[in-house]
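Multiple structures follow.
Two complexes come next, and they have one chain in common, chain A, joined by chain B in the first and chain C in the second.
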Partner chain A sequence: MAITPGTLKILALRQLVRPGPLYSWSQSFSTSLIHEKNIRAGQVKGTANKNKPLTYEQSQYPHLMGVTKSWNSWNTSNLDGEMAFAPHTTAEDTFIRKFMLGAWHDLFLTEVIIKRRQNMVIVAGFVKRVPQTRMLYFLKGFTEELLSHFLKRPVTVEIQTAGLRDLIHKYV
Partner chain B sequence: MSSLARYRQCLLNTYGRYIRLERSLSSSAVRRQQTVAATGEKSPDVEDVIIPKRISRSPTAVLDALASTVRRDFYSPPYVYIDDPETIPECLVDRKAYVLAKVSGQRAARYVMKRWPKNFDVNPIDPALEIPDIFKALTGPLAAADTEEGLRERIDLRLVTESFVSYQKNKQAGNDLSDDVVHNLLDLLCVYNSKDEECLLEEERLVTKTAASGSMDKIRNTWKDSGPAEEVFQDMKDPTLRACCSLIKGRAKYYQVDRAYELFRELEEKGMKPDIQTYNAIIIARSLMIHKAENKAEAIKELFQKIKGQGLSPTVETFNNAFVTMTYCSMADNYNAAVFVSSLLSEMYACGLEPTLATWYYIMRIVYRDNDCTSYALHEIMDHLEGKDLEAHHPDDLEFFSTAMVKVCVNLKDLELAYRIDNLLNYRNNYKLIGNHYLEGLYYNFYFKILCTFEQIDTIMEHYEKTVPYWFVPSFNSVHDLIEALELNEGYQYLPKIWTDMFSFRYNKQVKIMTPLCALLAKRKQNKSLQTQYRELVAGYYDIVKYDVMSLEERGDLDKLDSIRTVNAEELGYMCQVCLNSEDPQLARELFSFFLNYKQKIQGQYPEKTLESLVDQFIKEKNFQMCMCNLNDPFDADRQEALGLIYGLGYKSCGSYHGEDQITDGPDA
Partner chain C sequence: MAASIGSFSTFSKWTCISQLLGRNYPIGYTCIVRHCSANAKENKKPASPTPDEVREWKKINWRAYATGRVRLQVPEDPDFPVMLIPGHSVLPQVLEKREQAKRPPMKLTQPRYRRMLPEQDWTDVWPTAHTFKWSVVPFPVRQGFVKPTESALPREKYGNAELMKIPNFLHLTPQHVQKHCAAIKKFCTPWPKALEDDTVCDKHFPLRVITRDYVADGPTMRDPRARFVTIQLKLSSLKLDEHAKDKFLKLVGDRYNKETDVLTLEADRCPVRKQNYEYTLYLLTALYHESWKQEPWEADQTEVDMIKFEWPLTTAKAKVLDTIIKIKQAQQEKGSKVPKILEDLPDTSSPDLIEKTEIIQEYKEVLSELYEHGEDVHQLEKYKNTTKKLLIGL
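Showing the complex of A and B:
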């Protein structure tokens, strides 16, 4: 009997209903589309004059995540077996975002992207072009040093500069 | 267990049968070989598989191999800078300022950590994993100061003054400290001269000028004679050999040479056997006590004999220190240090030691002490080093390349050798040894100096485009050399590139650079496309100058013109000439009237050649009004005379065509 993905699925489902140790494998695979019941969450409300600027990331609806836009946090905590650290990671990400909001006040033009590779944390994003470039360097040094010692692992800040209007994708 | 492994196990539990079936189908080839092995026969066409011997490699071997593939990229900025067009520094000031800004950010963060250490006590990573020491050092809570454990922790964290305070508290509490802790404390106090020294952060070293150990200005007795180190030493009832050696090394390091040598003599008299590091320190100390070069050499020889007598083997540092002492010899001694150096060097080889870059650096300093010296020592050094992977062992290693380039340029004036040094620098990862920005700048400034002196302009520009601006921003002198080379080799096609670079290096307000550059632009009439480019450059520059001067005038600060924009009459004249060459009399006239308006505030002499060309042009246009302006200026009497002649000629030739009334229309006529 040749094993095709179809038969695999049926057989595996049969395994699930059997008595015995259950594996939480259903979390790892999903073949159907998500059920979009609440389609208004995460969608920016338009204005009458159509003069509200949105970045590309904001203009794409949440269900397009992974299709036309990608994630703001890159880590492995949604993989099976990694659950032990998922709350830590989420809390840390929130902390980093709040920290960046305060330390880099009014500088970030996009969301803060947080990528994790091994034990390294990379904080990335687009910032405004400011007359004193030294300020960006100061903040980079400050953020890296402080967050590294807070999280006890190397943190790097990878920023790109952009003009105020460069990142506007559309007006709603 | 990863999800994939679980999935696989789940399949195997239930459907292993099918999978085995699949496997058996595909393993036919393997089975045949197994049967051969079982029967013990050997088919002729199957060769023996020779399994290579396992090579034991370091855990980082793969990383090292990967790192070795990375080459220096001339066309991207150094890693210390943020890789974005806005944030890459273009001028010398920014190169330093950005790094220092980053470092000050790091310092600010350290202040926050020191001020609120509790916030950093959390250990968000897996509690089973230990926090790396590097993160502990700043924030870790310490044991009470008046216990031995507290003292030990403070010593481990290199907290110099706090350790000494803890030592005193222990003494007051009457604690018995173990010998090991006290020795460690003494070591710490001696190494840091009993004071907390704010060490430079890693990136700060890049932009901070540090003195090499051979330089004389570093030698000052800063040892605390009745400081904590001496106190701890006095408290020891019976100082051991280790304690004595620590103190000698400490005293010698901070140039308390007399007392270091005194203690050394005491040890010798007692018949104790100091370690080799102590001898290394004493070599420096002893030589500083002696003034005459010959006696110094004698003293060093004596010390080497003693090392041999003690059955110790000298290290690279022993020899390096001996070389350093010879760099201290003054010129007046007239001692032929080179002979002693070569004997030391052969002794070094005899001991089976390989000279390091620092050794060569000291040797260069000894041999090329005199600027007239043209010894072939550097050629021999290069013969020795060429095609080698160099490694850093000592901070002075980083001085090698810059010093070598300076010596090539100043002493030897040998272009071939300069290329050899540059090739060595760019060989594999050797460029990491070029040192900080200061040494890098020194190296490239002298490299360009020698290139500009001897090389064709095309080759110079090839090197220029490779290193500028990411690795090297030319200094004032380098730009001067480059302009001279451009003038000599008639590299007019490169002028637009150089001109724009000067603006990005922010040399555009420097009269000393812009005037010769303008002179070069105006030197002769170029072909049409190049001349159009020149005209655009000049027009752009004129706009900037005009804007600056006008805004000053609006504010009524025209007297500050010199301090804000150092524009010079000569420069304006050459610009005017460029416009005349480009057959743009409109702009030329504008430039000239601009000069006339502000001539009281602008220094310098308007070039005569331009005046002559202007007169010619005005005569051609029959614009006698401007012509008169030109002449009525309070120029030197001689020039007026000369111009008067030209004017006269022009007048004669044009007078017949034009009514004389136009001349009387002139403002000063």
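Showing the complex of A and C:
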């Protein structure tokens, strides 16, 4: 093997990586603070044709929560001294979202927004503007009735309708 | 929010055309026609499609055809009748009916904010707390992030979920508050005129009981923190003599605030609020009566046990008097110099008389201040000067 400057570099790098006594490579090893931001999680992958529609919420990165977009669950369980019901609240939120996903299948244009005020649970969001208005009214009553029974407290569904493409913020 | 589109996988445009020409004809397909009937009549041989026909085929929305949403419109030709397959072919009458059943496009009413009058009552429009409704709020409002490089405005209120998330106060305008007040006014009684002053209130109602109620969105309406009871009382409202107050303060410890003269008792040991309240009252009663009791061992208290500065108990008193008496005795000997200030002192035989003199009283006050307020430069300076005055006469 001919020794070229490139080979030398590789050899030097190998020397660097090889486990050995600390003093042999400590001079060329520098550290810095960890940039603790996983910017790949929760981001939507783009398409080649830039034709994948995103809502405003989807278009904002998760680490911008509370900066450019707000939370989907509004409750007091993260306040100081209010931790008693926090696990219940989180589990209930998951249950409500799953319920909405099934009962309002393919109807919600946004994420389900769950707000809690005093002992009330408010489920809000945008749904598709479908011709069957009676269906929406039925679903509203159905959801309120069933969730109130499950959660043992009043549940209100405050939905609004929008056109299919009206919530599209951008295409990726 | 991807709109679902019907699947269209195996059926391509060109297989459609070949089926239309009668080649590669699969049984079970609905409506197969030869469209080049005019050519076939004249030449009596299978004809290739003319450019016009090709253009026509290209106009056909094959995707819609394949999903069954549109049927081919076939011109009637006696020589080449449409092949009807029972159970599969769709008759023209059925086609017409299907077309009639098409729903006209939805007509939307105008949003409410466009139909509002300027002189309307907003409390009727938005009576209670509600999620933001774009169709009702009459003013233009935007929320959302736009990059500084983009010239676009933030998203408007229509279809803006961010506005639905944040709490709004559209149900708490001054008009709303006015209406609420008017509604609950009948349940209110006027404040007693005699109790308008806070000091009078404190005099008649010296005990303050603090409890907290909790409303939480949880599986139970009970909150363990609701059992906490705090009572507050000004110590001046209790009848205590010198000894009783001293004992009371010693029993109470840090529950008494010297600055505000307020005693605070807290209880959370019982499971129910009522029990805790009764326990605090019991504590207060017991404290009061205990502090009035004079136990035999209380006579053994020394200077260290006292909370306040007690001049008669201090060792300083004895030492000062002793020193002065010694100085006075030395004065009687020949050739000794005594500070002028001590020359006027009364006879050494009576310490009580010496104690009442001005210089000793001053020393006592300064020492008392030093104990009460703690040591600082000012106090120490005063103490130094008084001591010098007493001993050397400066």
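Going forward, the second predicted complex is superposed on the first by the 136 of 172 C-alpha atoms of A that agree within 3 Å, B and C clash if a C-alpha of one lies under 4 Å from a C-alpha of the other, contacts with A are read in each partner's own complex, and residues count from 1 in each chain.
Here is the rule we use: contacts are C-beta pairs under 8 Å (C-beta built on N, C-alpha and C of every residue); 3 or more make two chains touch, one makes a residue touch a chain.
Everything numeric in this text was worked out from a predicted model, so none of it was measured.
Between chain B and chain C, it is C that contacts the larger number of residues in chain A. In the superposition on chain A, A:Q160 contacts both chain B and chain C. Contact with both chain B and chain C is seen for A:H88 once the two complexes are overlaid on the shared chain.
Looking at the shared chain after the overlay, A:L79 reaches chain B, while chain C stays out of its contact range.
Within the superposed three-chain model, A:R134 lies in touch with chain B and out of touch with chain C [touch as defined at top]. When both complexes are overlaid on chain A, the residue A:K152 reaches chain B and chain C alike. Of the residues of chain A, those at positions 81, 85, 88, 119, 129, 151-153, 160 touch chain B in one of the two structures and chain C in the other. By the touch criterion given at the top, residues 52-58, 60, 64, 67-72, 74-76, 81-82, 84-85, 88-89, 106, 109-111, 113, 115-122, 124-126, 129, 131, 151-153, 158, 160, 162-169 of chain A touch chain C in their complex. Put simply, chain C touches chain A in their complex at residues 1-4, 103, 106, 108, 129-131, 133-135, 144-145, 155, 158-162, 164-167, 215-219, 221, 223-225.
The part of chain A that touches chain B in the complex is made up of residues 1, 3, 8, 11-12, 15, 23, 25, 27-28, 79-81, 85, 88, 92, 119, 129, 133-146, 148-153, 159-161. For chain B in complex with chain A, the residues that touch the partner chain are 1-3, 6-7, 10-11, 13-15, 18-19, 22, 82, 84-87, 89, 94, 97-99, 101-106, 108-110, 112-113, 119-120, 122-126, 131-132, 135, 138-139.
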